[in-house]
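To keep things clear, I will list the structure first and then write my remarks on it.
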Amino acid sequence: MALDKIGIAKRIAQELRDGWYVNLGIGIPTLVANYIPEGIEVEFQSENGVLGMGPFPFEGEEDADLINAGKQTITVLKGAAFFDSAMSFSMIRGQHVQLTVLGAMEVSQNGDIANWKIPGKMVKGMGGAMDLVASAENIIVAMMHSNREGESKILKKCTLPLTGVGCVKKIVTELAVLEIRDNKFYLIERAPGVSVEEIVSKTEGDLVVPDFVPEMVL
Amino acid sequence: MNKVVKNVEEALVGIEDGMTLMLGGFGLCGIPENSIAQLVKLGVKELTCISNNAGVDDFGLGLLLHGRQIKKMISSYVGENAEFERQMLSGELIVDLIPQGSLAERCRAGGAGIPAFFTPAGYGTEVAEGKEVREFNGKPHILEMALTADFAIVKAWKGDTEGNLIFKATARNFNPMMAMAGKITIAEVEELVPAGELNPNDIHTPGIFVQRIFKGEKFEKRIEQRTVRIKN
Amino acid sequence: MNKVVKNVEEALVGIEDGMTLMLGGFGLCGIPENSIAQLVKLGVKELTCISNNAGVDDFGLGLLLHGRQIKKMISSYVGENAEFERQMLSGELIVDLIPQGSLAERCRAGGAGIPAFFTPAGYGTEVAEGKEVREFNGKPHILEMALTADFAIVKAWKGDTEGNLIFKATARNFNPMMAMAGKITIAEVEELVPAGELNPNDIHTPGIFVQRIFKGEKFEKRIEQRTVRIKN
Amino acid sequence: MALDKIGIAKRIAQELRDGWYVNLGIGIPTLVANYIPEGIEVEFQSENGVLGMGPFPFEGEEDADLINAGKQTITVLKGAAFFDSAMSFSMIRGQHVQLTVLGAMEVSQNGDIANWKIPGKMVKGMGGAMDLVASAENIIVAMMHSNREGESKILKKCTLPLTGVGCVKKIVTELAVLEIRDNKFYLIERAPGVSVEEIVSKTEGDLVVPDFVPEMVL
């Protein structure tokens, strides 16, 4: 069965490693913080100026001056630090953040990503996404395999304005974990109960399928 | 060097139609609310506003958009504002969208006398159109120019009579860089204290960057996304 | 994320002959004394040292010069060190002199993923030789490249187990930018406290830039120019 | 009579204006701080990271962590701020400092200045001087009119490696106040009792002398 958002977040959380600084984008990526594997410590960076983000505040304890990049009220953990936006993107551009998780509208098999604009329809802006994808050595995209019309978002070539070129290396969708190498998607794992055929049929880009495709263990 | 002005009216003297303003804040967090209200009152028009966001429909820069006071916005993210999206898609508003890190760095550069710098952000995208591309360490970068403004308007938590500023938590965001990049920088603060009361080690924005400072009359500090846990 | 190492021996593991080191400090103020003493002990050679100054004859980087451990110095001012001047004039030491502001900005750029930037400093001088010149706003600027190091060694006043650092007074100087620009950054601190004891608003160097932190055994903190007033 | 160092400092102090931020170089420029005219307030910036520098500390109150750019122990006044070197030179390069006073070995009539190196003999480094002279709109040079051999240091063309080009606009020496305009030195004031002839004879560069040259009032 296809994963829900929580399932995607749980699978991505398995990619975390002890000691990493991690930037989580808005939406599904934010949920990853709830499923940090036992025994490892990671620290979350939010590009609006905080390191050491904690959980949401208890009701009545919200502070308008303390939010994350999604403008949600947050708390901080012991050992947190606040800083300005130039310092924040120094961390990001300077590759001090070990992992970036973000959403996408489209990803192409050469690692291009599009997630900020639908010409004539929707323009929210790129926020920090262009800085993040251009800088991070380790990017995981959390996304749905298809759009609402059932069209694949895992493409030979992106159709929307790009956010970054050749930067995505790993994708986790509701159906599968894919890696990008040599201008192709590689099927690494499938969601529990999801068939390879379904994944193949919903992937427009070139997909390399090994003989055995393990199921995710969540 | 007493930089204190009596109130927001006095603070904003000299802001005219057609000027370029920088306004601190990320979303509604750390925005100069009192100054924005005064800009509405002044009715100055044809403004170019440099600010990470455009506020929401009825708060922050949304108030200036509503009154059609803004000709051009230079921002990184404008997703929480229907009126903004309408004006932009209809062509009434000129919009220059910039990657957030490049926006922050361009403001800092403007204040720091760095006219241009290379960044990887935006390479291969619309943002790179017309910009010089150069490889460093095998990776393509684009040349970005500094930004400055006629007035920079920032909001701080504490300030002293010398113009030294301390920001609180994530309300710091773009405020320090914009303070650097204004020809005239105006700071509205929650607490205004005599020189000597702030620890010189803890200053975020040294007073040299601030020309006018005043205590804001009231701070509503609206929350955009109130997310909470329930206590068991 | 506990980054604490037991002592200076453990902190400096991995530093080898021929490496590039950044060392914080301005004159003898804010230098990582304990680490410099350990570098002498280790006897690593052929080092490239990036540091604003070269210490004095018998303290600071002067100690490494004395033992001929440094192949190349990248600095802005070296005027207080006779042995330095001797080695430089005799050609034993390679010296790259850089304007102080460009040195600070190049370290910051190295840490911030900005490969190059334009500055007016040094235009028309020896410093500009071989560098690209470009006019901005009618004024010539030169293109300067980012600096990075295998290890950056900084000295802070207070630090916590997460690597967050607070510097004291003018002992801050180059330390924050160098902390950003080291592949591995080592911080020696006067006071090492548990995470949570430093106010997140007051942190100068966020822990993300620091890989190892230790409490220095002793700080001599020599004064280069003791200037005083006499009380009447 | 030619001025002493204190006289030069006093004359330069007359150039200070209320509300200015001022950077004073090592040597004579440092003395300027002692002669701020009555009724004006200026604030001193030191490029090693302090704004609001005060006088030297009382004996026994020196702090090794609190020095100026000349490595001298100092104090700070109320309302001071500390910052790092990148921030400090942002102030300087960004032209937030209204006046820079520094020493020189040579100045030429097109405004070039040399003060950091004597090839083969003396190399102390430029420190912050190159950033200061390339950035400041308002530079006053405090210097001696001639070197120890009696050779003029106010030249048609600098002979030493330059610190900056075309940046000096005003010079105060032990003999005179000079301004640089249109590739010439202009004699503005002479030290009390110093003759125009002496100044002319000790100035190698082209010097424009008006009919009446007022004496400095110190």
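Letters A, B, C and D name the chains as they come in the text, with residue numbers starting at 1 for each one.
Just so it is clear, contacts are C-beta pairs under 8 Å (C-beta built on N, C-alpha and C of every residue); 3 or more make two chains touch, one makes a residue touch a chain.
All of these numbers come straight from a predicted model, not from anything done at the bench.
Colleague: If you check the contacts of chain A and chain B, which chains show up for both?
Modeller: Chains touching both chain A and chain B: C.
Colleague: Moving only from a chain to one it touches, give the least number of moves from chain B to chain D.
Modeller: Minimum number of steps from chain B to chain D: 1.
Colleague: Have a look at A-C versus C-D and report the one with more C-beta pairs in contact.
Modeller: Here the pair linked by more C-beta pairs in contact is C-D.
Colleague: Farthest from chain C by Cα centre, which chain is it? Let me know.
Modeller: Between chain C and the rest, the longest centre separation is with A.
Colleague: Taking each chain's centre as the mean position of its Cα atoms, how many Å separate chain C from chain D?
Modeller: 28
Colleague: Determine the centre-to-centre distance between chain A and chain D, using the mean Cα coordinates as centres, and give it in whole Å.
Modeller: Using C-alpha averages as centres, the distance is 55 Å.
Colleague: At what distance in angstrom does the C-alpha mean of chain C lie from that of chain A?
Modeller: Averaging C-alpha atoms per chain gives centres 36 Å apart.
Colleague: Could you give the separation in Å between the centres of chain B and chain C, each centre being the mean of its C-alpha atoms?
Modeller: Once rounded, the distance between the two centres reads 32 Å.
Colleague: By residue number and range, which residues of chain B touch two or more other chains?
Modeller: In chain B, 105, 108, 112-114, 119-120, 167-169, 200-201 touch at least two other chains.
Colleague: Enumerate the residues of chain D that touch no fewer than two other chains.
Modeller: Expected reply: 50, 76, 82-83, 89, 92-93, 135.
Colleague: What are the touching chain pairs in this one?
Modeller: All chain pairs meeting the touch criterion are A-B, A-C, B-C, B-D, C-D.
Colleague: If you look only at chain B, which of its residues touch chain D in the complex?
Modeller: 1, 108, 110-114, 160-162, 164, 180, 194-196, 198, 200-201, 203, 206-209
Colleague: Of all residues in chain D, which touch chain C in the complex?
Modeller: 46-50, 55-68, 70-74, 76, 82-86, 88-89, 92-93, 112, 117, 120, 122-131, 134-135, 161-166
Colleague: Which residues of chain B touch chain C in the complex?
Modeller: It is residues 105, 109, 112-120, 134, 136-137, 141, 145, 166-169, 200-202 of chain B that touch chain C.
Colleague: Which of the residues in chain B end up touching chain A in this complex?
Modeller: Chain B reaches chain A through residues 26-30, 52, 75-80, 85, 88-89, 95, 97, 99-105, 107-108, 119-127, 157, 167-177, 204, 221-231.
Colleague: For chain D, which residues are in contact with chain B within the complex?
Modeller: Touching chain B from chain D are residues 19, 21, 41, 43, 45, 50-52, 76, 78-83, 87, 89-97, 135.
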